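These notes concern the structure reproduced below.
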Amino acid sequence: MRILYFAWVRERTGTAEETVTPPATVTTATALADWLSARSDGHAAAFADRKRLRLAINQDQADFSDPVAANDEIAFFPPMTGG
Amino acid sequence: MRILYFAWVRERTGTAEETVTPPATVTTATALADWLSARSDGHAAAFADRKRLRLAINQDQADFSDPVAANDEIAFFPPMTGG
Amino acid sequence: MPVRIQAEDFDIAAEIAALSAGRDDIGALVTFTGLVRGGETASLTLEHYPGMTEKALSAIEAEALTRWPLKASLIIHRVGTLAPGAQIVLVATASESRHAAFEAASFLMDYLKTDAPFWKREDRSDGASHWLDARETDTASRDRWKKP
Amino acid sequence: MPVRIQAEDFDIAAEIAALSAGRDDIGALVTFTGLVRGGETASLTLEHYPGMTEKALSAIEAEALTRWPLKASLIIHRVGTLAPGAQIVLVATASESRHAAFEAASFLMDYLKTDAPFWKREDRSDGASHWLDARETDTASRDRWKKP
């Protein structure tokens, strides 16, 4: 599973990208966020307030309740501010 | 009194501009249009359908019921089509 | 906030550059360019009322400035005979925020269409020639800006 | 109907010329340019999600094309570090009529603000640095386009 972080989420986790293999119990984005939070204090800080986070699964906007699978590209980031 | 014509009104009267001295009874734009209509067949054709005409008095949009005076610049033209 | 009537073509990039030169308080810049469409049109000839046109455009622009917090604005309108594809009119509005710039540009165009003394004669490729009628849809577009 | 993400600046005039080159079916062309405002901002750094950003912008543009009869459209968005006064984004729309061009450009900007994966970090002249929050007014602007 390829995980990407952007903006202040990236700054908190300390990495832009990591490849992980979560346990089989991680079937949703929420479960994935919980599991990633345990990787470091920075990860915990990044995932502390889910209301401030958005995510994409395979480059499509998604919800925390959406399912995630082994080969997915999953990105976590703040609300978008283009333009 | 300086009279200006634009677009097809100008084409019908055959002139872009003329200086006229109407009688004292010509006190409104309607009366002026009636009086100008008698100047030529072209003028009559230009003023035949007042609903298709607009006018300006001293470069401000005006109505046929508005008063006209000796030193005014009065223009007759079709509805505007800029842009 | 210039208003210009001219026969010559205009350069959008140069006009925008002049509008925003040396300033960093503009967050949003909207331009509208009107062009001569082809098809059966061989050329379009624009006539105006010198003096009154400038006055009407300045009044339209002044009204826009009372309604939106514009940092800059510009109206250029060409007159004379123009071929298909030619630029007719440029309206530019600059503001801190995009909504003001979009709305003001749209407002300026709607008023310009109905309240500035320009007239268009279309010469068609089949040799026919006629003055374009004002469109009721343009009057309706302007009237949506009228205050109750 | 190109969508481009680039670090380099863009030339509005060249982009417009490319959009309308060799055609005479465009009656109305609207451009929106977003610029970095100064004041307390020393620079703005734009980050994006390569791959997803292009996909999101193409989807936004495709939606605009289903809603308005556009002859052409263009979205250019810069990334990287930009100084006050710098151009950030260009949206251009071309149509036969002005209302379609104005509305489509406004729609593209509203969606781009909320639905394209860009993030902005502001470095301030006092040395402070922070990521800009998304604004609820931008979400509201986007939502006015949602169909019932």
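Labels A, B, C and D are assigned to the chains in the order they are written; within every chain, residues are numbered from 1.
Just so it is clear, a contact is a pair of C-beta atoms (placed from the backbone, for glycine too) under 8 Å apart; a residue touches a chain by one contact, two chains touch by 3 or more.
Just so it is clear, the model here is predicted, and its values are computed rather than measured.
A.B. asks: Quickly list, by label, the chains bordering both chain A and chain C.
C.D. replies: D
A.B. asks: From the C-alpha centre of chain A to that of chain B, how far is it in Å?
C.D. replies: Here chain A and chain B have centroids separated by 74 Å.
A.B. asks: Where the centres are mean C-alpha positions, what is the separation of chain A from chain D, in Å?
C.D. replies: It comes to 26 Å between the two C-alpha centres.
A.B. asks: Could you tell me the distance, in whole angstrom, between the mean C-alpha positions of chain C and chain D?
C.D. replies: Here the centre of chain D sits 23 Å away from the centre of chain C.
A.B. asks: Could you work out how far the Cα centre of chain B sits from that of chain D, in whole Å?
C.D. replies: 49
A.B. asks: Which residue numbers or ranges of chain B touch two or more of the other chains?
C.D. replies: 83
A.B. asks: Please set out, as single numbers or ranges, the residues of chain D touching at least two other chains.
C.D. replies: 34, 98, 109
A.B. asks: Going by the touch definition at the top, which pairs of chains touch each other?
C.D. replies: Pairs of chains that touch one another: A-D, B-C, C-D.
A.B. asks: For the complex, which residues does chain C have touching chain B?
C.D. replies: The touching residues are 34, 47, 49, 51-52, 55, 77, 88-89, 109, 112-121, 131-135, 138.
A.B. asks: For the complex, which residues does chain A have touching chain D?
C.D. replies: 4, 6-8, 56, 59-61, 75, 77-83
A.B. asks: Show which residues of chain C lie in contact with chain D when the two form their complex.
C.D. replies: For this pair, the touching residues of chain C are 11-14, 16, 20, 23-39, 84-85, 96, 98-99, 101-102, 105-106, 109, 141.
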